[in-house]
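For reference, the structures are reproduced in the following blocks.
Look for chain A in each of the two complexes below; its partner is chain B in the first and chain C in the second.
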Partner chain A sequence: MMRTFGTFVFAAAMASPALAATVTQAQPLTVLGDVPVRCKMSPPQASDGGSNTSFSQNGAGGEIDFTNFVDPVTGKLAASSAQIAFPIICTGAQTLTVTTQNGGLTNTNVTSPSGGFAARADYTLSASWASTVQSLQTVGSSASLDLSQSAPQSGQLVLNFTLAPGNQPLEAGSYDDAIVVQLNTAQ
Partner chain B sequence: MRRWSKILFAMTALSLGIQAAYADDPNGEIHVKGNVPAVCSLGGWQKQSGPGAFVPGFDAVATYNSSDLVGADGFSALGPGSALTFHAPLSCNTAITWSFSTAKGALRLDATTAAAPGFARQWFYDLSAAPYTQGGSVVGFQPTLTSNGTPITESFGLGSGDAKTISYMGIVFSPIAQPLRMLAGNYSETITLTVSPTM
Partner chain C sequence: MTRMAFSKVVSSLALIAMAAFCAAQATPEQAIVRAIGSVDQLCTLAAPQVNLGGADNIGSVAGSTVNIADLSDDQTLSSRATDFDVTFAAMCNFDHRVTVSSDRGGLWHQGGTTVPTGFADAVPYQAAFTWAGGSNVLNANAASESEVDEPLDINRPAFGDIVIHVHVDQGATNAGAGAPLVAGTYEDILRVTVGAQ
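This part shows the complex of A and B:
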């Protein structure tokens, strides 16, 4: 009889989904959440007046126009500058690059400049984001600045565009370049 | 005749032996004794409502989806609408003390990412815990607290009469909306329920 009773008790304990105990039972419940990195870049804005330039914001981008691109008498580049800021916020690590597509203000209608005239106006581009400052001088081919950060950041990406006075007259025509800012999460 | 005499003598001797064996219990009673210990049976956590995934059991884990936590702009999306409700079956045959404790006092970022101005790294929450009858009535106390970022433990006692009416323990975890953008990373909080039978 005793063996039968013992067997019954054992079977009941095995069938129960709960813990029966005469001692303290502690049961943890953990709540978890994984917050992904989010980045947001707002449309650019002129952060100061610059010189010999004007800036107009257009959608997510904008355009720098020159008041006097060249000296009207000599046809040589006039000194110009612009400072453009992109408000950016990232909740985690991010990659941020600034790329000049043409590597200089280029007259794409002129394939081979001649007669002492130039068809490209090089400029200096510097960028500062968080604690990183980088700059480049255009040389006619695409180039990039890498301002990526491993920590969350909130602030402004500031681009400084500087065109030095030239010593060579430029071919007549339209000159342009595109400066592309790319922001991505890095997780 | 001599053979029968021997048999009768043997039966008499056997009868005397039996009498001697029961001499200590002249009334012929047999006592059967048993002892039922004070015991509580606590089942694993089960999620009743709320968003996200859930692994039930004695060391349960509830996980919010990323889209439950933040929006596309990185701002917090958690709030009262993200409340989680859990039950754990409980049956006790005696008085109990029960308590709950929080590990952090916030659903907080685990990583050692430096605090950055303009970002948040934790959600506070409202927490209520209570024992319930099978019909859903609170037994005894139903403490509620609003976390403030520090661990907390609260303990309560219930007499045998109340304790024996308990069907389950219930917890409601209700995050408080956070107005800032949330730092990326893994957030966690652990709430521990403790039940002790008392004599």
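This part shows the complex of A and C:
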């Protein structure tokens, strides 16, 4: 009986220091979100007047019309230029290529031009995007410029078309080329 | 309160035992036994429970991790509006403080990428919380990558749910409204702490 009594008092006394104790509890909640690489390209705009050209936007693309394609006296290619720009934004690495399908403004109805005449008007295509500048001279076959970037970019892809005066008259007919701008995300 | 009530019961039983002991002695003696008890200041806090019922733009919840479905809008490339509620069952048996903290002060890009001019690498959000009749709002505004916290003092014991409503505004970024977000993983850790004031 005495031992029980003593034990009881001891236990009660031990409880007293715990009065000051405080328990603090904490719980974390992690919030995660992913942003994938995305790219957006807006329709092209004429970024300056060029010379002997007009530009019309058509859907996501457009058309450059060389209004004075040849010298009306000599029938030779006239000097012309055009500059168009595509607003682009990519949140990460991207591949960007500019391809001339015909490799020059080509009269597709003429398989073999008559002697002394030309059926293709070559031009210089220069493209700039995110501090990268690439250019090519058309030679009658498809060719591409690669302006891919490894970092997010926002700005304008600017394409410059320059037609130098020709030294042969061009055969009559329609001349065209298609320039394909291809933008994709890259990981 | 339960523990104090129990202590009083024990105390009463001990006095009865003493009376029986003393009755067996030759000389009457008197002893007084003082029975005391205490209840420590205590807070409990359960793991978070995310309420997907009213959530917007939440992909999945795994344990204590909430995955936002699409942090960026595929049209604007900026942040997408997001909402969800999360509750923490809690109890404190004394005047106490609830603190809601953000480790990084916003949803920040995990790093490793140079952020070009015009792009954003953080998404601000608000965490409005209620508890025991009180409320406060943690504004993780992504102004800098640093901890922010908001306290809420409750001058009484309380138990129930701490409810936090997390909200991201459409287009909110640390580079201005509507700025595109650099691709990658964005993260923050929201912490709830209950304890002394």
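The criterion applied here is as follows: the second predicted complex is superposed on the first by the 158 of 187 C-alpha atoms of A that agree within 3 Å, B and C clash if a C-alpha of one lies under 4 Å from a C-alpha of the other, contacts with A are read in each partner's own complex, and residues count from 1 in each chain.
In the analysis below, contacts are C-beta pairs under 8 Å (C-beta built on N, C-alpha and C of every residue); 3 or more make two chains touch, one makes a residue touch a chain.
Please read all numbers here as calculations on a predicted model, not as lab measurements.
Student: Once the shared chain is lined up, is A:V73 touching chain B (first), chain C (second), both, or neither of them?
Tutor: neither
Student: Which chain A residues come up in both lists, the one for chain B and the one for chain C?
Tutor: 16, 18-19, 21-38, 40, 89, 91-92, 151-154
Student: Spell out the part of chain A that touches chain C in their complex, as residue ranges.
Tutor: Residues in contact with chain C: 1, 4-5, 8-9, 12, 15-16, 18-19, 21-38, 40, 89, 91-92, 151-154.
Student: Hey, which residues of chain B end up touching chain A in the complex?
Tutor: Going through chain B, the ones touching chain A are 37-45, 52, 58-64, 66, 68-74, 78, 84, 86, 88-89, 91, 107, 109, 113-114, 116-119, 171, 173, 181-197.
Student: Considering only the defined contacts, which chain A positions touch chain B in the complex?
Tutor: Of all residues in chain A, those touching chain B are 16-40, 89-93, 151-154, 187.
Student: Touching chain A in the complex: which residues of chain C?
Tutor: 14, 17-18, 21, 33-38, 40-48, 50, 64-68, 71-72, 74, 77, 82, 86, 88, 90, 94, 107, 113-116, 118-119, 123, 166, 180-196
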